[in-house]
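Some notes on the structure that comes next.
Naming follows writing order (A, B, C and D), and every chain is counted from residue 1.
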């Protein structure tokens, strides 16, 4: 269901909140490997940003008993645009209500996707002001390049798992003006996954079907380099410090992304985006549909034979014990009987196999 | 003069027309060095595109007695948006009138910038359909990568010379919704140059003051690679085939572009953009202003000491005989008396010195 | 068995001969995809070179009923060095005898490795002289960069399959002065594979155990780019022209090579080497030994989970019908009974699965 | 004067000693920007290495009242080779005598080039042993990639200034077996500069004429990345930390090096080598000669118009007061009268203009 006229009320994915059961290790990962800096600490949360993020922060990590998505936050294109979106979200029954704001931004309206992902939209934002010693003469860059890790440049996108990806995508289209740029379909033309954006990126928010049938989970968050070599460099850092790279460096067909995937210590999957992929300027872009025999190229265009099975079932919060039959096998009974939550550590260990 | 509310009626820079006094040599340059293909030939024009351009064509080269800009063409975000822009352009007295369309697109409304650059806006577009043998399994790419030259991927931007850059930029802002992302100012805060966009790029249209005081000239057009290595590769092709690279590979501060500049055989300057620069998602981006001692870093961030003097005075059509005093010398009288046009070949030869 | 004193009689791997049952398609592959040029045609052979190969040719492709290694050719460091090597090869019983030379080089002494690989050593060589229009001002490059394919720069190395890798390696060490730079060992410290060189490269000749127990087969030949981006570029060309990339772009632990593998149309595996790997200047380099749990990193350092099974059993000439039990299955009887040679086409099809 | 038979007694440039009047700032530069580590401190010296240097150290920085070359150190290919070289150096009158060794290597024989550069040759070397936490599973790498700066991988080469470059080069050829791979000649075929090696590199030792006519000075030392992107990355670090990049990233014609030049805080010029350049395997390589109109391409193949004038006159120890007339101006009298040594800081300030 597309709008009749294009909607320009949402400008961008502005920041993300993830939960971590190992918050200090998570912060250390983003700081030491990805070169991000701590913008603030408040309550149970640490606020971070990449060196070309212009806002006060783009990542909020909150101490929690399990990993997962806290919320995703969108910035409206204007105060009026914010008002229009809030009105419509309220009318259609997705709304939760206003919060006063958070570290780095003003009043925000909270709402939930049909699958239960917590989202918010706001307009007033606080810009990062570099301390004198971090300033750069490259005036379009808010601070100089950090001298640790292989520093990511900016927030890129988020990938959500959904029990009903089509419903989630239609919500993004209808209520928020996201365009569906690429889509993977099964044989019956059901959505397996979709890549949507309000910007010229091939995706700001991707939605993938949750193989476990869970609601509201997170597949991954993504930060951006813009240079494929950075993936080679950071891979060395990761491998030599004991992190298991789940997949990549490789190049997806979808979005033409050069990328790699790794779990941060809290258990959330992080993608690092190496090049520029491709950009979409066409206001009437016809959704690229991948299905059947084209599917393999959608997933891997270059660089690996295939993605590991876990890539399609691991998400946060971790619900590994509900893994259904894989590759034609019946569900293993012992596992489905045991309903305890697998701890993040355990699940991450499994994901590493 | 900014609009009160952001304007989203213009989606993108859709295609360009350049004039060439050596049309077949120009076509050969874009085809053999930049890997572009000929989409059509009609009348005095050849229509070309890069392999990731989705429309029928993005470059029209028209046989003409001298080099220069034919026109630049913008695509509206919707039929209604087109109507709104036409109405306002007409009302404000910039309009020329409708044309039936051209090879690759439908009806277009022509108008002129205050400095006399011919522009048009349209909505209906024809998409490129690859012949069977050129199709690719990378479904978001309209055809496979060509096997000649170091092929550019898509049209990126245009840079106009203007006798009054501030006036031209204010026109783009007020009438078409371009945002001014970066700006170079002189000591009295007059615009020397500005980088504007309707997309997330740092610039779709740049405007630079014409050192010769001419109206309506072209500084350069730009195609995009997305990979710095491509600049190294194409430099070899260019140098070893006798093309003089005017500047680069280097990295500008403005727009963070890795790029190089070379004149195509018709005399028009072409920029090749190597990486992704940086993207702007902030709907309220505060124009980056470069002036005084910051200026040098605006022009060169990495890779060369400075740009050649010609970079700041050479444009098309060529008007070299009006070059004012350079480096403290008085204007040479013989030249100012001789008012004939320097031929493109002569001027290009000069530009190569 | 190492020599007491280092031996410097062999300077380099100078050229290779491969057999092809589809010679014109093989030539087209090396010319159109890898940008190599035809230096000569004589008898049943076509002689080719890469644009930074300084000699007349580095690859001889000979029409033959099946793919495989023709011979590998070494250049001695001096006429005296040639004489010393010939004398010792003769004395130890490996010699075959002198030939008058071939297109591009003078008299050569032929001999066989213990596993039956045909080799030769020579000193007098003919240099490539570029025709006027192919000359470059980059005087250390013998011709300008070709404008087709993603052109490889020079011959890099060869990888031989051997029924007895240790014996083959000891031959290279003792008779020719190759150093064993890296080695993969099984649990009983038997050689699975070894990487040897007379240059500062990590390998000029690699030797891998033949999983089929065959003698004298070829695993792959390798040409060099020096830039990882070239692998991305050529992957597009390959994939979009219907070639199946067997593995990569990826980064091996062994030799730190960024590379990819693809079969040329004749069936011989070709490696393309993207970066510089690492170089060895230490005259007393201690062989790097990979075994047990380190093995996986030897094979894949970055970029893929693992190599396909065929990587370890496919070689030329193709002897697929002798493939022993794979993945725990018993040998298939029908196949072992049928002793006809699988055609190259069939085997390549199999290799592509 | 070439030897009749190639000489293989010298294996490599093993390490360098530079003098610094600001030793701790020099150490900080190599550690924080280039990611090198301190291997030892002893007496007035600090010993450092890059993370892919296999020996105990490759750079000795010694506290001294002015910058310059301490010595350069060559490793022989064997104990016998060492003995042969010492014998010949002694006989020809270049010898100084044996030292017991230094941190990281055994007994070394000291000698001087005809221009007075202190050199040594040795065989016994100490290998770096990484502490447990720095070990890597990439077994051909002696330690994991450091997590600071943009870490260089290994020592590459040294470039000496000489009052008589031909004499210095002939010494390297005749006494030590260096091959002259490339050479720049003036109109009378006098050597302006030469690039020589005992390895497959295009140069281990380069020699350039000293524009000031001084003896025994250093032009630069060079460490290696192998990836052009690393130059972009480290440029950001340098520029944003107040270091002035003297030239680059650019690509020389000579050696095909992608590189940049920067002075370390002690005043010595450091080159960073981005890619692999090209390698020479031909044992009878014909020296590439650049002169006349080819000269410009020798110096700059890609990326800048020209090198700054200082590149051709600045060396260490600094003797700026002897700079002759520049750009047609007569020597400034006040300066020529004042014969005091310009301090390194002053000269570096000047070099930065």
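One rule holds for everything that comes next: a contact is a pair of C-beta atoms (placed from the backbone, for glycine too) under 8 Å apart; a residue touches a chain by one contact, two chains touch by 3 or more.
This one's a predicted model, so the numbers in the text were calculated from it and none came from an experiment.
Two chain pairs, A-B and B-C, are compared here, and A-B has more C-beta pairs in contact (counted per touch definition above).
Distance between Cα centroids is largest for the pairing of chain A with D.
The geometric centre of chain A is 44 Å away from that of chain C, both derived from CA atoms.
With centres set at the average Cα position, the gap from chain A to chain B is 35 Å. With centres defined as mean CA coordinates, chain C is found 47 Å away from chain B. Multi-chain contact residues of chain A, defined as those touching 2 or more other chains: 137-138, 227-229, 232, 236, 239, 297, 301. Of all residues in chain D, only 5-6, 8, 11-13, 52, 54-55, 75-78, 80, 125, 127, 137-141, 153-154, 181-182, 199-202, 226-228, 253-256, 275-276, 278-279, 281-284, 288-290, 294, 297-298, 301 touch chain C in the complex they form. Across the complex, chain B meets chain C through its residues 32-33, 136-138, 144-145, 147-149, 227, 229-230, 232-233, 236-237, 239-241.
Interface residues of chain B, counted against chain D in their complex, comprise 228-229, 232, 235-236, 239, 245, 247-251, 258, 297, 301-306, 308.
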